[in-house]
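Labels A, B, C, D and E are assigned to the chains in the order they are written; within every chain, residues are numbered from 1.
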Amino acid sequence: MMETLLLLMLCPPLVGAALNGILGRRFSRGTVSAIGCGASGLSMVFALAAALNLMSHSGTADYFYNSYFTWIQSGNFTADFALYYDRLTLVMTCTVTVVAFLIHLYSRGYMEHEGGTYRFFTYLNLFLFMMLTLVTAANFPLMFVGWEGVGLCSYLLIGFYFPRKSASDAGKKAFIVTRIGDIGFTLGIALIFWTFGAVDFHTVFHYAAGMGMHEKEGVFTAICLLLFLGAVGKSAQLPLYVWLPDAMEGPTPVSALIHAATMVTAGVYMVARTSILFAHAPAALEVVSAIGCLTAFFAATIALCQNDLKRMLAYSTISQLGYMFVGCGVGVFAAGIFHLMTHAFFKSLLFLAAGSVMHGLNGELDMRKMGGLRHKMPTTHLTFLVATLAISGVPFLSGFFSKDQILAGAYLGPLGHPWIYWLATLTAGMTAFYMFRGLFMTFYGESRLDHDLEHHAHESSSQMTVPLITLAFFSIVAGYVGLPHPLDGLSNFLEPVFAPAQALLKSAFPESNSSAMSEVTLMGFSLGAAALGIGLAWWFYLKSPQIPARIAASLGGLYELLLHKYYVDEIYNALIVRPIRVVSEKVLWPAIDAGLIDGLGVNGPAARAMDAGGVLRRIQSGNLRSYAAWVLLGAVAWLGYILFVH
Amino acid sequence: MPILFYIFGALVILAALGVVLQRTPVYSALSLIVVLCALAVEYLLLGAEFIAVIQVIVYAGAIMVLFVLVIMLLNARREVPSSRSRMAGWLGAPLLAAFLFEMLYAVWDYLPAESANWPAARPAGPAPIGHLLFQNYVLPFEVTSVLVLVAVLGAVVLAKKEL
Amino acid sequence: MNQPFAHFLTVLTFLPLAGAVSIAFIRPDAASRIRWVALLYSVAALVLAMLAFFSFDSSRAGFQFTEVVPWINSPAISYSVGMDGLSLLLVLLSAFLTPLSILASWKSIHSRPKEFYLFLMALEAGMIGVFVSLDLFLFFLFWEVMLIPMYFLIGVWGHERRVYAAVKFILYTMVGSALMLVGILYLFKVTGTFDLQIILSELPGLWPSLPGSAQTWLFLAFFLAFAIKVPMFPFHTWLPDAHVEAPTAGSVILAGVLLKMGTYGMLRFCLPLFPQAARDFAPIISVLAIIGILYGALVAMVQPDMKKLVAYSSVAHMGFVVLGIFAFNINGIEGAIYQMCSHGVSTGALFLLVGMLYDRRHTRLITEFGGLATSIPLFSTFFLIVTLSSLGLPVLNGFVGEFLIIVGAFHVKAAYGALAAVGVVLAAVYLLWMYQRVFFGEVTNSKNKDLPDIDAREKFILVVLVLVILWMGVYPNPLLRRIDTTTAQVIQRVSAGTAQMAGGTAVKIGGPAQ
Amino acid sequence: MVPLSHVLALSLILFVLGAAGFIFRRNIITIFMCIELMLNAVNLAFIAFARQHGQLDGQLYVFFVIVVAAAEAAVGLAIIIALYRNKESLGVDDLDSMKM
Amino acid sequence: MNFVQPNDLVRVLPEIVLAGFAILVMVLDPFVSSGRKSTLGWLALVGVAAAAYSTSWTSLSPGTAFNGNVSADEFSMYFTLLFLFVAGLTLLGSVHYLERDGINHAEYYSLVLMATLGMCFMAASTELIMIFLGLEISSISTYILAGFKRSNAQSNEASLKYFLLGSFATAFFLYGIAFVYGISGSTNLTDLNVHLARSTGWASMTSVALLLMFVGLGFKVSAVPFQIWTPDVYQGAPAPVTAFLSVGPKAAAFAVVLRVFLVGFAGVSSLSFWLIWISALLTMSLGNLAALWQSNVKRFLAYSSIAHAGYVLVGIAAALAPGALNITRAEATSSVLFYLAAYALMNVGVFILIAHLAGPGERYTNVDDFVGFGFERPGAAACLAVFMFSLAGIPTMAGFFAKFYVFRAAIHSNLIGLTIIALLNSVVSVYYYLRLVVVMYMREGKSEASHVDMPASLGIAMAASLFGIFYLGLLPGSFLDLANLAANRLP
């Protein structure tokens, strides 16, 4: 049953992609989008069916595993095409398929006026397939397939508008930068193989669970750090986050699906999936939370000054991903996943709403040229507002619950640490500030639109607004699955998945009693931070809009620094990209290849041989007397040799 | 007897120097005839009467006549000094000296004693020589005839005005 | 005996030669007839190769389809052929790429088609011969003979600097094979035979009676020849020239098959015959391989000429193969063998694509292009797939081999794996950058505006290639299983040889370090 | 009797003088005559060795050498004549139409 | 008493036949009109064939003849047949050439036969005076042949240089014979061997004798530094003569080298070994390196033939190597014999082909005259290419096996260093051999070389040499057995 369901979940997007990819050019736009949406819809249906199936059999097995065929086998190294389905997978597949389906629907409207729809839906379907492969894979190499596959689709979709250089640049950058992280993933798999003799989850996890704390801790730390390097690349963490802001060159539904809701969270999923390994390597976990926390803060600071709506959202995504890593890093994996889920809803909503704005404004993204749109785009405004509230951690919306769990964990979790908590809380405040700044600049205040746009601006069609509303609904309610007591909280739900890791961590780090009191206090701080952020945003951008400029002027350098995103791209360019290129172009190729090897090593001896020949042939002067002298020379030399030397 | 050998030996060397040093081919040719005749005397002293006679008749007589004839025919005058061979100019003399030294060294190494214990000379008149020639060396003898034939052929084909 | 019919390998080897002979009898101006005959013979060879593939018994160790006929009495040289998994795959690769090359040359070879196809067919015979020879002398013979058709293909139908490239190619290779010949003769002196199997069984017992350095020198003599062919850094400089100047078919065969002869030789001769020396040199060779990977990638990155870029990428990719071989474990070696095939397919395909582009625009300079994805979308798609396969994207063929190699090399030294993985990133850099510059962006050069997209013939070639690329990426098992016994034997010999030399200390090969 | 080594020394000197003439003389005919000098040096050695061994064979060899010398002379002079017809020169240093 | 036994005559029957036909050609000359002298060429060819056929009688009664002066054994028979083959090919290549260049005289054919006769005696003689006479016959004939274009200054010059230097070197050789005679009291090589084995002293004298003979022989085989005459003479001589010259006398001289060093001076092989070793090294290196620069086909083939002499010397060095077993020695010797046969096939073939392609008066012998020739005259160009590849030692052609056997012998004698140098040398040689191929096939242009169809005689010669090249290149076994047989005759 399950094996069929999972296949049924995986196949529709693949078939859809194949159909559209091969024949799409001959299909009408309607057929293309119908195939695309239908495929993702089917996939969602089967994902939910699989979820129900698992739940109905809960208790009999913690997870489902089935191998379909052997993919790579070499010696002991076996990587099957095998699927692995447990509650974590359930959460992921459901989130992914639901969001994906909604975004597919949305795209029908969004891509209405674009060319190459078939390409778009092909890539999107392929992406869905790859993403599902990623989360259902039962071994590391297959997960890597999904991992790279989504990267490929990301590359293709970012570069969807390939005639634009910035788009193709961004796509290439995304692919290459995430691939740098993949070095870690690859090596991590290799190390896992040489450590455990297997690369499939159940074997590896089984071995790991059976080992005591501090056993082979060094190896575990190495494995986890390597895997985390992969996650850093994919989930755009410091220092490899640079590709994500540029990825906004892609169509907005893509940004919503890939670069907000699903693909970028793959890293978090991976860390959660391998929680048992990480539990053996507390040092690695500390690195995870530290990187996560720093990224969250760092990206938030950049987001403060962004004027491009989508870029602001991108930095926000980076920041939120940091949160998720903090959750995992401090040992509350469920919280990380919880945030992943809620974030998927509200962040994709934000992007889609931004897309709706763009759609209405002919692609304008500069918030300084917007304002007052709430009248022209009421639905968009409303849904954007909901999502903003959710991400800012306003109570009773999804973001509040998930963020709160992470913050609590940051303080109280097995590996929690006060500075992580405080930095995260500060970030929460900044998040509220910049999100509301964006909200206000876009939808409130006086309109700063161009004259032409003023007339053009319109609400999007229902094809786009319906998914917005649906997502808004999820953004509100998704948080409630996480409530500890009234419902069967997500943490409890995921208990079977994380139990071994939690147990291990608990034994190693007996945590201080998590009294309800302190949790409430912590909640208070975060609420306060959010409120402060919202208040400041209101003051700066609605009440007295001249203040930001003054602050910017007074901060001068710092503002410039933030506006230019700390010049990270420039620094990378100067320190890594350019040197490599210059060395290759100016040294390796001309000097080493052409000069040293070919010149000295190859043509050198050849030239020497020619030179020698040139000298030797001079013997042949044509003069008979010289010839006789040569003969005599030979005789004298040989005679001398055999008489005196030999 | 030895004194005769040395006298004619000196004559051989002097005449040979004449061959080498004369710039006019005819003088060289005349010097060469002297060399050949002096050598004939040496052969005689070494007990090779028949060869000594052949030397004078064939070599000094026939062959050298040919040389002189060609010199006259081609009107070969005093040679024009030219030095287009740096190799021969610079290395020639040292090489020759070295060669002579090496050969003498080897010969002296081989014959250290000054003793001159020659076996008794065998009679070397035409009869014993002829006997040997047609008994042991009949094949070389016949082959020389081919050689002479080749030479005749060659001389004709190369020197004849029209073929 | 699972041989499909008598003299199977002989027929397979000489069928292309028969094709060449048939072509020799066709009038030079009957170009189309010549092409069809060439295609027919090469397809027939492909069918036979596939027959071999399917009737190959992958559970049996040793050589199959063997055939031994005494050829020369003194010294005893026999025509001895046979196949194991390694040869099987490479023969299949050769037989696969040749018809494609013929198809690719269908319209681009206008001058002297007769000679062209004649040499191409002769080349195929030579290649197959190299891979099936089990007699050192026979091997050497094919190895050398094959240079001639290639030399002509480059020199006659090549581009501007073809003569330089052709001569460089042949001289470079000959320097290596000269030393190999010395090695072969020395082996003959020691063992009294050229028969590989006999040498393999007798040589281990002979080492004690030979000078201590004999193995080292022999290894180096063979290895240098193969390293030049691979080509390994720093012996690679003939490759860019040869590739750039060769006509498309030449480049395809050169990159697809000829380079594999080097790594084939390492696996077939260097490792099994000289295990101790192989182990002694493994660190140096691995480092050179890694330098090749990184260096090739970096230099490829800045090439202005697409063919040259692909050529340098071959240096990098073949570096992987060598790295895998000298990891001495199952993963490394199987990965290496797999990578040989997959590199053959992907790089062959890349050259075909660049050739198609050249047919259209008569230039290969990257700067001449731009925005082709707009003007020839279908072509761009195929190009993209092949590019992705070349940069090792999972599910496509390049990944399997590279991944196994990294896993294998990682076990030897973590740094090897790490640096090789860096090479994978660099592959993405240069390939995607090239792809971007050629296909993305606006169409800036008006000459690129109205290019015809691929025609049916080209589509056929590319679809076949893409199918193979996908198949090799998704279901590599049929290929991998056929090289299991070969790999195991190589490893067993390497470890046995070492154990013997090291006085019985067994060396652990492969397997998890639990 | 004189020692054998002295005869050989004479022969050697004669040989080297012949070689010297070959190297230093510019006239082709003279050079040719110098070769005759060298052959005579050999003849002297043959005779001396024959005497030394108490054989006649050595003398016979001289006989053959003289025949060869005669044949060479005939052919050589013919060649020189042929050359002179074309070149109008007997200078050996003029013979360098082919070199390097 | 009978000075001559009937058997003696049978044992020199090929030589007698050759002499007979040489004389016959001259005798018939006056009866043949000047336009039809080619008939005499065919007659000479018949003579060659008859001589070859007569060896079958000779082979029935092997043994020495004329008081041990000559020996009719497999060794000499091998060389006799080789020389006859060379002579035959040369005649085939000459007939049309002589007609074309207006020097179609009976003397030519007669001289070729005489020269062959001389070479046969060189190979067959076991006695130095006979060797000397054979050498002189072949030398004098070839001096004349080299100058056979009487009206051509280069031909004259070549002839004269060859003659003067040849005589100069012969004087050394003869002096060497004198010293051998002085040492052993005999000119018989076997006697010399026995003598050297008996007496230990007198080393310096032996060295001198050996050295002087080496000067003479080195000159004939063009070993460095006695190769000096080769390029000029090969270039200046009429091409068919060069074909003959570059193989016949050289092979004969190698036969003598084998006899002298392996039989006569066997006792001092350590001395000759190093002599030959260094000489081989220098010879092949100089030949190959200097050839890199040549633009004249005949001249670069001259350098190439110097290089080939170097490879043969490698084989001889292998035979002389200290510590070489008898079997190794025989193997090395047979490799030398095989090499000479392969070399004969390639070199005669290529020179007579060039003779034809160079056009009337051999005007077009420059490499650049062949630009684009490959596709203009595919047949002729393919022949030329095959010769080049074979000379370069590419497998499936005779040149490859020749080198292979020589190098195998060298490795067996532990001459690894020399073998490596030789192999690197042959790589260098590939460069210049391929230059002609490059020019013919890979350069665009119009060739100057003759577009006249090959005459039938040349066609036969080409077919024969190409067949031989591929036969020895693919199935060398039986021929090598023959060479082995011959080699085993050398004690």
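By definition in this document, a contact is a pair of C-beta atoms (placed from the backbone, for glycine too) under 8 Å apart; a residue touches a chain by one contact, two chains touch by 3 or more.
All figures in this text were calculated on a predicted structure; none of them were measured in a lab.
Colleague: Just grab the chain with the largest centre-to-centre distance to chain B, centres being mean Cα coordinates.
Modeller: It is A.
Colleague: Sort the chain pairs by how many C-beta pairs are in contact and tell me the top one.
Modeller: B-D
Colleague: Averaged over CA atoms, how far is the centre of chain A from the centre of chain D? Could you give it in whole Å?
Modeller: About 96 Å, centre to centre.
Colleague: Could you tell me the distance, in whole angstrom, between the mean C-alpha positions of chain D and chain E?
Modeller: 26
Colleague: Using mean C-alpha positions as chain centres, tell me how far chain A is from chain C in Å, no decimals.
Modeller: 37
Colleague: Counting in whole Å, what is the centre-to-centre distance of chain A and chain E, each centre being its mean C-alpha position?
Modeller: Distance between chain centres: 78 Å.
Colleague: Which residues does chain A have that touch at least 2 chains other than itself?
Modeller: 606, 617, 620-625, 628-630, 632-633, 635, 639, 643
Colleague: Which residues belonging to chain D are in contact with no fewer than two other chains?
Modeller: In chain D, 15, 18-19, 22-24, 26, 31-32, 48, 50, 52-53, 55, 57, 64, 68, 71-72, 75, 78-80, 82, 93, 95-100 touch at least two other chains.
Colleague: Where in chain E do residues touch two or more of the other chains?
Modeller: Those would be 129, 133, 136, 140, 143-144, 147, 150, 159-161, 164, 168, 204, 207-208, 231-232, 293, 431.
Colleague: Dump the list of chain pairs that touch, please.
Modeller: All touching pairs, sorted by chain label, are A-B, A-C, A-D, A-E, B-D, B-E, C-E, D-E.
Colleague: Please name which positions on chain C make contact with chain E in the complex.
Modeller: Against chain E, chain C makes touches at 71-75, 112, 140-141, 144-145, 147-148, 151-152, 155-156, 162-163, 166-167, 170-171, 174-175, 178-179, 181-182, 185-186, 188-189.
Colleague: Flag every residue of chain A that touches chain C in the complex, lowest number first.
Modeller: 69-77, 141, 144-145, 147-149, 152, 155, 159, 162-165, 167-169, 172, 175-176, 179-180, 182-183, 186-187, 189-191, 193-198, 580-581, 583-585, 588-589, 592-593, 597-598, 601-602, 606
Colleague: Report the residues of chain A in contact with chain B in the complex, numbered from low to high.
Modeller: Spelled out, the residues of chain A in touch with chain B are 621, 623, 625-626, 628-630, 632-633, 635-636, 639-640, 643.
Colleague: Going by the contact rule at the top, pick out the chain C residues touching chain A in the complex.
Modeller: Residues of chain C touching chain A: 168, 171-172, 234, 236-238, 295, 298-299, 301-303, 329-331, 334-335, 371, 373-374, 388, 393-395, 399-400, 403-404, 406-407, 410-411, 414, 417-418, 421-422, 424-425, 428-429, 432-433, 436, 439-442, 474-477, 480-481, 510-514.
Colleague: Within their complex, state which residues of chain B touch chain A.
Modeller: The contact residues of chain B facing chain A are 84-88, 91-92, 95-96, 98-99, 102-103, 105-106.
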